[in-house]
Every structure is written in C-alpha cells, then in structure tokens.
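Note that chain A is present in both complexes that follow, paired respectively with chain B and with chain C.
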Partner chain A sequence: MKGINTLINKKSLYNLLKKREFHVSFVLLLLSVFLFSNFYYVPEQEIFSNSTAEHIINSGVKETGSLNLVTAILYDYRAFDSLGESTVIFAAVSAIVLILSFKTLPVSSKGLSFIVKRTFGILTPFVFLYAVYVITHGHLSPGGGFQGGVVLGTISIIFSIVYGSAYDYENYSPKAKTILETGGALLFVFLGGLGFIIGGYFLSNFNPTRSGLGTLISAGSIPYINIGIGFKVGAGLAIIFYTMIQKTYVEE
Partner chain B sequence: MLYNFVFVLLFMLGFYTILIKKNLIKMVIGLNIMEAAVFFWVIAVNYRGGVIPILKNGVEVVDVVNPVPQALILTGIVIGASTTAFLLTLIIEINKYANSINMDFLKGLRD
Partner chain C sequence: MIILEYLLIFLMLISAFLAVIFQEELISIICLSVFSVSLTALYLVYKAPDVALAEAVIGAGLNTALFMTAISQVRSGKKHYISEEDK
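On to the complex of A and B.
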C-alpha cells in the first residue's frame, strides 16, 4: 500500500508531466495514430496487367537471359540507376577519406591470440570462395555484385582485427584497394560504352541470348558488371573500415 | 493489417531514439531503425504470396513475387549503408575535437 501511495502522490506525477520523455512520447503517439490511420487505407498492391512488373516477370528471362529477375532489373532494365548507386558509394568513400585524411599509419591494432589467428587462417579462404561464388552467380542464384562485395569487404576487416592492421597494410595495401575500387567503377563504365557501340544505347545488354540459359557465362554483360560492382563495393568497404580504425587506435 | 502496425511501431521507436537519446551513436542507430521500418513496409505491402523471383530454366512461370520493389529496396539499403558510414565518420571527427559525443556537452560548447 505504501508503494502505491508514493507512486500516485502528486509530486511524482508532477515530475512525470515535466519530463521531456513524456512530452516526446505524447507527440509521437499522436503522430503514430495519424500515420497508422493513413497507412491503413493503402490499397493492396497487386501485380496489374500490362504493368512493368508483369512485363518483367513474363519476358524478363527472354530479354536479359538472367534467371534472377532482381539482377535483371538492377543490371539491365535499370542499369543506369545502379551506376548512380555505385557513384553514391564512391562519393561516400571519397568524403570519408577526405575527412579522416588518408594517413598511411601501418600499425593501429596488434591482433588477437594464436588460436583465433589459426582458426581464421583456415576460415578466410572459404569466405573468399563464398564471396566469389555470390558475385559470379548473381544472375543464377540469390546475390550479386553488392551482396558479394560486402562479403569480400569482410576479409579486409578480418585481417585488420584478427591479424593486426600491419598485416592488412602489408598484404592488402591502401593503394591496392584504391586501384581495385576505381578499376571496378571503370569496368562498369567501360561495359556501358561497349553496350553503346554494340547495342545502340548506353549500358545496353549485348547478346543476352547467345549462350544457353542457366549457365555461368550467359546473360550478356550482366556477370561482368557484377564482377566490377563486387570489386568496387568490397574495396570501398575495406577503405572505409581501414580509414576509420587507423585514427581511433593510437600506436603504443 | 499487422504490418502497418509494426511499421508505425518501428518508425516511432527510431524517431523516439533520435529525439531522446543524448549519445550521437545511439541517434544514428535510431535513424537506421527508421530506415529499416520503411524498407520492411515497402516489402511487406507488396507481398501477396508466391515464390522468390528467381526462375528455373525451362519451368513455366506461375506465381512470382513482384521483383520491382525488391530492386528498389536494394538501392535504398546501399544508400543507407553509405550515409551511416558518413555519419559515423563525422562522429569520429566530433569526438576528436570535442572529446565527447554527448549532445548536452556539445550544445554547451557552442556558447
């Protein structure tokens, strides 16, 4: 009884009403009621006849040669959009490197114990193999350049954390990362120009039905764009991580 | 619809985190929760049953999920990751100059 009395006495209620959390919760509650009442009446999204989605589902494989329809959209129908997307990553990497100035400090973390090093020595080649699989099979199975590139970027992070950043600096230097990133972006633009020469417009998919569906080398330029994007995203993530850790830890 | 409710709940959780928390990194986490809520809603509202949009060679198409929103959300996720990395970089710089990432402390520095 005593606890309830202190809970509802006037002073604590007054303090509760004065608190910032209470005001914010009240406003957000009103806002959420408003949002919910609006979103409740959003109609169910069907796949209408003669829509873009229906066209892609029915004839996407025939037109692009890619069994994965999401990849077909990303690297064929909306390939220019993906080029802009990779430009955003490039801009982010450039801004981060510019802000945290690219200092080639070789040592910033010492690495973990012997057991962890041995374990990741066995594991890392398989991580690399998985990344290469996800990138090169982007048009056949789930995945693609962006997803596989992120897996590729984790290898550099494993090097930095497990083996120490000196190992990462010696075996996978910032210069090599920069070359890989710009090389991936240039490969994308080069394939776009090749599409301009062969197909007639920028980033057109050349010869998508030349070889059989479902094989590794099919779908025209999609696998090559995937490889370019994969290198670009992986190296970009590695650069972001390396640039961030080199300043947060100080060499002792 | 349940997904509308979950969307509003997640979105407001992220908004609340941004408005209440003093730690800059927690505010970035709140922004990411809001982003995830929007991605979740766009995917959920377009799901009407069916299999993944990866076809098999030689098999007739019957019932496939709409692949267009998935491609758009993939773009959104990549942009979100880029902006998060950039925000964290700015926080590193703020910490370097002010030795703190607390909003109250940083506001006091301005005066």
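On to the complex of A and C.
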C-alpha cells in the first residue's frame, strides 16, 4: 500500500492537472480523437454521373464565359451566397465601428524612418496596380474581387503605419471609405436587380457586352460584380483598421 | 512533391503548437503568420491558387496587422488605467 501511495503521490498529480500545457494538450487530444472518428467514416470519393461539379467542369466556360471556374461559381452559379458573405462583412464593420468609435481621437503618430517612407513611396503604386489587376482579371486568372479588395485595404494599412494615421486621415477620410463601401455593395445589388429584369432571376448573368472568350470585357456581369465586391471589401477592411488604431483612452 | 507536402504539414503542426505554447502574444502572432504562409504553400501544392491567394493576403497579411493593433490597444489601455489608479 505504501508503495502505491508514493507512486501516485496525489500532490504531484494535482500540480500536473493545474498546468496550462496539460489543459491544452488534453483539449487537443480530445479534439483529434473526435475529428478522426468523424472523418474515418466519410465514404470514399463517390462520382455521380450527373453531379453538379461535373456539369460545371464540362459546360461552365460555355455557360458563363469565365475562364476561371472558381470565379464562375462564386459570382454566377452561387452569386447569392457571395451577397450573403458581403453582408457578413458589412455587419462586422458596422459592429466594430459601433463598439470602438466612442472616442474619435486619431492617433497622430509620425510614422517610420525616412528610408522606409521612400521605399514604400516607390512600392505602394505597384501594390495598387496588383490589386486592380487581381480585381479586373478575376474571371481570367486566379483571384477575384475578394482577394484584390483585401490587397486594396492593405494600402490603407501601409499608409497608417508608415506615414502615420494623420496622413491616411487627410488623404482618404473615413467618409470617403464609407461612400466606397456602400457604393460597392449597392453596385452588387443593382447588378442583381438588372439581372432580374433582363435574365429573369436575381443575379443572372445577363451578358451586356459579349465578346471573345478570354478577353477583359467578357463573361457578362462577372467583372462588374468583381469591381463592386473589391471596393466593398477593401473599404470595409480599411474602416476596421482605422477604427482599431484610434485611441480608446484619454492621454494627459 | 509528397516530401514537400509532408514537410509543410510538419511545419504547420510545429508553428501551431508554438503559437499555443508561448505566453508572449507577439511571438504567438508571428507563429500564426508562419502557419498561414506554410498553409499557402500547401494550397499551391494542391493546385488551388484562388484559395492560396486569399490565405496569403488575409492570413499572413491582414490578420497580423489587426492582431498587432488589438494587442497594442489592450496594452496601452491597461498601462493607462494602472497609472490612473496609482494617483
């Protein structure tokens, strides 16, 4: 009996149970067991003869005119889901601004050193060019409105960090960002309504300018929806960052 | 290619584990950034460039900036309230 008591040694066991690493590893172990038991019974990839994926792969390019099938799914076949996603971003921006904007003192940091300022002065136009490329070529190459919009929002973050937030406030005021965000969302809904009038159902691809496959102005309304989403996401993320770097306390 | 895949998965596991273990928040954020970069490379190995682009931009770029600002806000606010209590 004495040997067992010294072997278990209640106090050391209690200390082990109190440790943070033990808790973390216990939760991770439990999670991995449950995940494994769930995914172990997932059946092997079943190929149906008339599946949606096969239909999109076979005739997606013909139906939508978009070479990038992911964009074709996001902004044509499942465009209504993308509208829901942009509504989620809008709700997040509204909530963050509502909670954090009770004191609107902008942080007047002077930015980083001269070398960093010059370097980003050369680099930032190319970042903007890349963002515009990703947005406008969303139906031809990888990317799309969402990814390019986040790159657009990064430019505002670069301005706030490198040049100080006063520079960002003077050149791109929160009011202009709000107008851009609302304009992007309204463009999306307007194109959806236009598709309802022309094509017969909400967000249908109505092909206002039908030109050759693979050109910039092809794929009907997909590029315009991409532009709307890009401005909406970029301005929304810039608003979130700008609201978060505001002072939430009074400095003496 | 299989070796690269397993190497990236191993790197992701290590960086996720380090992000949980460290008490200092800044190191955890950097570890999450490393996690996102290796996940981006893994998406490229799996031939999903759209998702890779989104992951690189959001996970490695935007998340790091947002987390950094959140932590700096919390820290400076905490410092301010402690100094106010001392008075």
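Just so we're on the same page, the second predicted complex is superposed on the first by the 207 of 252 C-alpha atoms of A that agree within 3 Å, B and C clash if a C-alpha of one lies under 4 Å from a C-alpha of the other, contacts with A are read in each partner's own complex, and residues count from 1 in each chain.
Going forward, contacts are C-beta pairs under 8 Å (C-beta built on N, C-alpha and C of every residue); 3 or more make two chains touch, one makes a residue touch a chain.
All values reported here derive from a predicted model rather than from experimental measurement.
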{"item": "First, second, both or neither for A:142, with chain B first and chain C second", "value": "both"}
{"item": "Partner chain in contact with A:216 - chain B first, chain C second, else both or neither", "value": "neither"}
{"item": "First (chain B), second (chain C), both or neither touched by A:151", "value": "second"}
{"item": "Touching partner for A:179 - first (chain B), second (chain C), both, neither", "value": "neither"}
{"item": "Touching partner for A:89 - first (chain B), second (chain C), both, neither", "value": "first"}
{"item": "First (chain B), second (chain C), both or neither touched by A:134", "value": "second"}
{"item": "Residues of chain A touched, compared between chain B and chain C (which is higher)", "value": "B"}
{"item": "Which of chain B and chain C A:36 touches, first, second, both or neither", "value": "first"}
{"item": "Set of chain A residues, in rising order, touched by both chain B and chain C", "value": "21, 24, 68, 70, 142, 146, 240, 244, 248"}
{"item": "Partner chain B, residues of chain A touching it in the complex", "value": "20-21, 24-25, 28, 31-32, 35-36, 39-40, 42, 44-47, 52-53, 56-58, 60-61, 67-70, 72-74, 78, 81-82, 85, 88-89, 91-92, 95-96, 99-100, 140-142, 146, 213-214, 240, 243-244, 247-248"}
{"item": "List of chain A residues in touch with chain C within their complex", "value": "21, 24, 68, 70-71, 134, 142-144, 146-147, 150-151, 153-154, 157, 161, 237, 240-241, 244-245, 248-249, 251"}
{"item": "Touching residues on chain B, where the partner in the complex is chain A", "value": "1, 4-5, 7-9, 11-12, 15-16, 19-20, 41, 45-46, 48, 52-58, 61, 64, 66-68, 70-71, 74-75, 78-79, 82-83, 85-86, 88-90, 92-93, 96"}
{"item": "Residue ranges of chain C touching chain A (in the complex, touch as defined)", "value": "20-21, 49-50, 52-54, 57-58, 61-62, 65-66, 69-70, 73, 76-77, 80-81"}
